[in-house]
Each structure stands twice: as C-alpha cells, then as structure tokens.
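The structure appears below as structure tokens.
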Amino acid sequence: MSEPSCEREGITMSPWRHLRPVPLLVLALLVAACAAGSGGSTPGTASDQASTPATATPVPATVYPLTLTDDAGREVTIEAEPQRIVSLAPSNTEIVCALGACDRLVGVPEYQVGYPDDVAATVADLPIVVSFGPVDREAIVAAEPDLVLAAGNELTSTEDIDALADLGLPVVSLYPESLDEVSGDIELVGEALDAQAEAAEVTAGMAETIAAVEAAVAGEPTPRTFYEVSVFEGTIYTAGEDSFLASLIETAGGDPITGDAASTAIQLEDLVEADPELIVLGDAAYDPTITAETVAARDGWAEMTAVVEGRVVPLPEDILITRPGPRIVEGLEALARVIHPDAFD
Amino acid sequence: MRAATAQEATRPLPIGLTLTRTALVLGGGALLLGILVVTAVALGSTQIAFGDTAAIMGRRLLGLPFAETWAPSAETIVMQIRLPRVLTAMIVGGGLAMAGTVFQALLRNPLADPYVIGTAAGASFGAALGIAAPLMLPMLAIGAGSAFLGLGIVQVLAFTGGLVTVLVVFAIARGGGRVQMITLLLTGYAVSAVLAAGVALLMFISGRALGAIFSWLMGSLADAEWTDLAFAAPLMLFSFMAMLTRWRVLNLMLLGDSQASSLGVNVEREKLRLTVLATLATSAAVAISGTIGFVGLVVPHLLRLVIGPDHRLLLPASMLGGAALLVLADLVARMVPGGGIPVGVVTALIGAPFFLWLLRRSRVLRAEAAS
Amino acid sequence: MSVAISSVAALHGIDFAYPRAGRDPLTVLRGLDLEVQAGEMVALLGANGSGKTTLLRLISGVLKPDRGTVEVAGRPVGEWTRDALARRVAVLPQQLDLPDGFRAAELVEMGRAPHARRLFGSTADDERAIHRALADADALGLADRYPHELSGGERQRVLVAMALAQEPELLLLDEPTLHMDLAHQVALLRAMRRLRRDRRLTVLAVLHDLNLAAAFAPRVVVLHQGQIVADGDPAEVLTPDLVDRVFGVQAAYATTADGARQLAISVDG
C-alpha cells in the first residue's frame, strides 16, 4: 500500500481504518509526518490541480471493504469492487460512465435526455428503476446491485434511501453544491469504484476548463445577470441566493441576481429593481415559445436594461448547467460565452 | 287480542345469525381477502413466478423445507417489500373500515368517516410538524434520526396528534356532562379547520420538505416496514377485539340516547369508550400510512346496504371488507407504470362510483317496495 | 315519611326544571311526591306540558332531579347500575324511529340487552322471553317484518314487545295509545291488565283518553302545572270540576245502559 494521501480529511479512508488498533502515539507520528508532506489541500481545487501534473502523485488503488461518507453525511460501507451499479439520477449515470464503468450499470432513471451519444447508447436498454416520483424498489432489488448512487436533497427521498439501506444495499447519496464539490463527488465515486486514476483524469480535465474560463473572464466587467430557470403561473424561478447556480454564474464572470434561498422564487418587482443587464433563458432549452421577443413582450419586462439593449439570450445548454456531473464545465463554458461573448472566439 | 295461530306460536324467531348467513358473509369475506393477499404478494413491478412466491412464503413463514430455486433478490422482494406492504394494507384497511362503522353508528350519520371528529387533521398537523420542524430549526433534528418503538418522529407525532385532537374535541363538545353527537361533529369540524390551516402554513414555510408533507397527506403504503407493523398491529388487534364484543352497544345506540339508556347502556361512558377505541385504530393507521380516504366511509356504508345494520355481522364484515379493499387498491396503485400512484387516488376511484351505483340501486329497491 | 318496602317507585320532593339556552330554566315539576306500589296500575293524566313525560324520565333515570330523591325498589336511582335498572324498569317511549334493516323480532331481541349473557347470541331463555313478549304484545305475526313495512300501530306493538322483553317489574308507558286504533288501544290496555296479573308487572301509563284511563286504571294521578292535584280512584277523583280546571273542558258523568259511569265530554259550549 502506497503512502496515505492526506488530501481528503473529511472521508474516512481505508489506510487510516487499518491503523485504528495501533496506539495513539504511532497515529500522532503519522499525522505529523503527513502534515509535513503534501500540505493538506482540499480536493479538486482548480489552482492546486493545475499546478500539480496529473501523474506526479501515484494514484492509489482502492482497498475493500471501503467505508466512506456521502454528501448526506451517511457512512456507507462497500464490501468489494462494485460490479453492478444502479444510478438514480442522470448526473450519477454520467459520472459512472466518465469513469469508464458504464458497462457495470444495471439500473438507470427513465429520464434519458441530453446524454452524450455513447452513454445514451449504453443506457437505452437498461432496466428503468426510477421515473418521476418514488423509486421502484422491486426493480432495484431485482437488479441485484452492489452499489446504488442516489441524488441528495430529497431528489431521491429519504424514505427510499432508508428503505434501500434497510434492504442491505449500499446507497451513496450525492449532492454537490459547488464546482469543487462536483469534482469531489467524482473522486468519491472513483474511490468507490476503484477508478481513482480515471477520476483524477476527469477532474483534471474539468479543472483545466474551469481555469480557462476564469482566465478568459478575468478582469472583464461583471454584468448583472438574471438566469431564468422557469416562469410558472406568474412566479419567476431563478438561481437561489448562495446556490450552486449562482456560484456558476459568478465563475462565468457574471453578477447573479438571485431569488429566495429556499423557494428560488423572485418577485417581479425585485427583478425590475435589480435591473438585469443580461437575461439568460435556461427554460428556452425546453420550450420553443420562450424567445427574446416573447420575453420582451411580457408586462413590466420591457424597461429592463437587458431587454432594451437586446441582451436576452437563450441557453440550450441548460441541461448541462443543471446536471452536476463531469460535463458541468461544458455548461459553465457555454454560460461564460453568453455572458462574455467577446472574451472567447 | 287474537290468540296466536298455531303456526305463529311454533315458528322459530328470525333472530340471531344463521349459520349460512354468517358463513357466507364472513367466510366469503375471509376467502376473498385471502385470495387478494396472495395475489397482491405475487404481483408487482418485477415478475416473480407464482410458485416461487408461494415457496418463499412457505419456507420463511411456515418453515416448510422448500429447496431454494429462486434468486435471493426475489426473496428480498417478497419478504421485505411486498409482504409487509400487503399486511399493512390489510390492517390499515380493516382498522379504517372498523372505525368508520363505529362513527357511523355513534353519530347516527351514514356519511361519517373515521376522520370526521379530527383524527386526520390532528395527525396531519403532527406529521407536518415532524417533517418540517427539523428543517426549519436544525436543533430539533436530533429527534429526526432517532426512533421510538421503531417509529420515526413523524409517526409518533402523527399518532399523538390524532389521539390528542379527538380527546380535545370530545372535551370541548362535552356540556353538562353529556356529549351531543351533533355538537361533537361541529366541534370536530371546527378544530379540523384550525389544524388544517396549521398544516397549510407549515407546508408554505417548509421549503424543500413540501413534497414530503404532501405525499404524506396523500396517504401511501410504500414505506410500510415490519417495524411499523410491529407498532400498529397490536393496537389494531386490541381495538378489533374490544370493538367486536361491543356489537350490542352499537346496535342499541341506533335507538337513540334515551332508549339506549333505558335498555341499560351507560350512554356517556360508552360514547367515550367507543370513540377512544375507534380513534386508537385510526391514529395507528394514519401514523403508518398517512390519511387514506374513502375506505372508512364507503366500506361500512356499502356493507350496511348489503348485509344490514346489525353490528354483530357488520363489524367483522367491515374489517374484512376494508382490508380486502385496501389490499386491492394498493395492488392497483403500485402496478400503475411509472412508479405507481398514491393509494388514496385509487380508493377514491374505486369507492366513489361503486357507492353511487349502490345507493341508487337501494333507492330504486326501496321505491319499489313502497309502491 | 317512611317508605313501604313494597313500593316499586317512589319520588319525594321533586323539583325539576329544563335548562334553556339564554333564558331562565323551565320549571316542570315542583315539590312532587309520588309512590307506586308493586302490582299497581296507575294512569298518569294531565294537559300537555304538565310534566308527565318528565316524571317518567326521572323514574327511568334518564333525568336527574334538581331537588328530591327518586327511588326504584327502595334504592335511589343513582345507585343502580344502568344494567340492573334496565332489568327492573322498562320504558315505552312516545316516539321512536325504529332503525331500518332490523326485523321486528330482532328489535325485540334488543330488549333483552340488560339480561344478555352470551357474547354473540341469545340464550334459549332469551328466545323464550322474546317469544312471550311478542305474543303478549300481539305482535307475533309481525316478527318477520321490517319497520318500514309496518303501520304506526303495528310499530307501537313492536315497541311494546321490546319493553316486555326486558321482563321488567315496572313498565313505564309514555302515551302508548297514540297511534293506535280503538280496538288496539283496548287490546293493549287489556294486555297490560293481564300482564299485571301474569307477570306481576307494575304499570305506570301516561294516557290521554280519560274514559279509557278510568276504565282500566284503578288509580289515576293527575298532574297540573307541575304538581299532583288528584290521586286515587278515578270514579272519585275525576270530578267535572277537576276536568274543567286541568283540561279546560266541560264534562259530566253519565250512566250507560249497563250501569257503568262514563265521563262525557261536552263539545258544545
């Protein structure tokens, strides 16, 4: 077993587990030696990864049984390298495929829009384990998985997760709330699947893209940006305060106008007062009736700077923005191109 | 006064339960229930051979030495997913129907259901509180993960909410040491309205817990587990046993407070006792499956139209009928492709039209008889 | 005042008023004393609202007096369990909506409730009692029928059978002849007389028809404005003066062809 990598303090790693019976003193010595070593940086930081060549640190192989902590704070034990994986969210599916384990999927969600072609081809014939609503527990159990990747924040309900755990299945719940955490989750899954090398490669690539975007928009003025998630029955939904989407907009060089943190709704009056300079239409990706013209025609919207200056732009890549997987950086890039079209060519 | 004819004097009285009638109703009901239970365990979104299902149950429940010819996942599905769900449907359905029967007798109103004096509103409020509060006030979250008697905080609050609300309604409605049933109804309605407003408020400020609260209100058997059964089944069985022996009192209550009293019923005490027993069953049901509607209203009413109002037969028949209806409704609910639909939708779709048809038919029959 | 041990029902110093929402209570009985001995047949007479039904309800324990005591068989009503009281006292109510779906015999079976010993059915004793009750009430022929198939008078007979099924010592009848035709009224009162003898029954009946009351009841008690104004042999007690005072009608005694005295109510003037 190679030297313990100390980057992921939050996760209980197998090397440390084996050292638990060892007297405290030895443990302390190892910790001291560790701290003097690679410098304890957090995972997936763009600048860190960019400055460290991907092959400089030998990537460890996962040792099973593995106990890790998922995004919901649950400790999950994986007995052996998973060969049969059930994914309960499209983002999880893409992560698994990006790590080269696509052929190990045995159950996928029904919603299969917006996958890259190779993923789409693989999942097309797999059993459906979740549609809109509760998971199909029988289908999941029938698929006999040894790893279930769920979506956090009640996208997969707590009842379902508890029930699956009670049935003896290891359920790892993923809910990244920032770009860093997306990379962290990819590395977590990589560790779970003993695909840590692939994970490092994927996250390195993501970090490059992020760095490129940040470099491109650095120094540019940040326009007040309103991202329209949807307008339903008069209620306007956008990026919530301190949300993932808001942080993406910031990284893409915009100044996000945000709505309520819990409901993500924003009152029209507040939007008018915030006066966006740029309106990004995320819902235009799904609804052809939403265009710059129809938006301009809405009551009360005509005076907004963005509308006056004609900076109302549909974003077909909305699906990438809302899918916290490896391709989120493509969404980020698309968003940045919309915000700063002149910074890219 | 004319003397009784010889024929009249010797003819047996048409009282009591004949063997054929009892066998037909209860035996038939039990048989129907048995068939439905077996069918419900055998069917699901995953195909499992019927023989395997039977063998699994035989081996795990009866210890019969069947060779294991099935995949372990099949055994998990049958024993851990389907069987607890079907058994929960049985006792929840039976409990709600029984409670509905009792309230229809107590309130002398065939449109009464087990929730009418506040159980549903109280339980919903408790559940909504249990779901939303830990999210709004993180310091309360310590309770969320813990279990009491194998139940989560939501179920405990739901159960307590239902029971306490009914007792409060009863206390408010009691005037001069007596409870008028109409007062009880109106008080229940008023208290329910207040609690419903509370639930609405909790839903409004609950943020991401809204979906969870809403799906609880719809009623669902999807999260039925053996631990839930371990809590609810003893309560239900106790309630059933206690209620089945009180058939006489229920019959007498149909004569009115005054006459029942002169026939030896301690009317006020029995009102409280029957209300508590029925509410125990209802609260236990609601705690583990949310507010499933229609079973408690339609089953006793339908059965009364068919087998008559004598509670000696009506009570056990309602229990069987309610159990059968909910097992069937749940089967239909989970077979709908796309993850299934809430069982409350199915009970309404089954119950309402059938009820309308039977009501119309009985009115026609009565009109014919009167002409 | 000493209470005779054989008194079946005794009321002493009874005051009773019905509470009314937002108004003063309605006083119905004032300072009332009454004793009924075993085996008596007493007709309770009086104008509407004079407290006759209230009196019956006080004896059956449904109502509690504001002042005074009510005793049945020498014990205060409050000390009886409801079951035990129901085995002694039966009530035939003025009005009762019989629940549909029960046959007449099954309704009469409900009258056996105070005696019920078997958990889910009736004993042979119960069945005998029901049969006898139906026969005594002249309702055997109605045993199979449902309430909605019966006339008012027939329903009344079923109610009588229900009361008799309780095998009471004291039978309280609240205007039992209300819906009956004359033949059945007479039949019922004759039956009461016979039951008094055969079952050792004490009967306290609220009646409207003065002549019938006089004919059948050796003792009449007349209530007027919450108090007893006459108590005794009808021939002596029901004077034209009393009738005028209590009922507001003119009456006079006439002798019929066979020598019986009849109270004739004057319709004109």
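Lettered A, B and C in written order, each chain numbered from 1.
We take it that a residue touches a chain if its C-beta (ideal position, glycine included) is under 8 Å from a C-beta of that chain, and two chains touch if they have at least 3 such contacts.
Bear in mind that the values here come from a model prediction, so they are computed numbers and not experimental data.
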item	value
Path length in the contact graph (subunit A to subunit C, fewest steps)	2
Most central chain, judged by mean C-alpha position against the global CA mean	B
Separation of mean Cα positions, subunit C and subunit A [Å, integer]	85
Subunit A and subunit B: spacing of chain centres that average the CA atoms, whole Å	44
Residues of subunit B whose C-beta touches two or more other chains	none
Multi-partner residues of subunit A (each touching 2 or more other chains)	none
Footprint of subunit C on subunit B - complex, ascending	1-2, 4-5, 8-9, 11, 13-17, 176, 245, 247-248, 251-252, 254-256, 258-259, 261-266, 304, 308-310, 312, 366, 369-370
Subunit B contact footprint on subunit A (complex, rising order)	110, 130-139, 141-144, 153-154, 157-159, 163, 166-168, 262-263
Contact set on subunit B toward subunit A in their complex	44-46, 71-74, 76-77, 80-82, 207-209, 211-212, 222-223, 225, 338-340
Touching residues (chain side subunit C, partner subunit B) in the complex	19, 57, 60-62, 81-83, 85-87, 89-91, 93, 96-103, 105-106, 108-111, 113-114, 116, 119-122, 127, 130-131, 134-135, 138, 140-141, 143-144, 148-149, 166, 187, 190-191
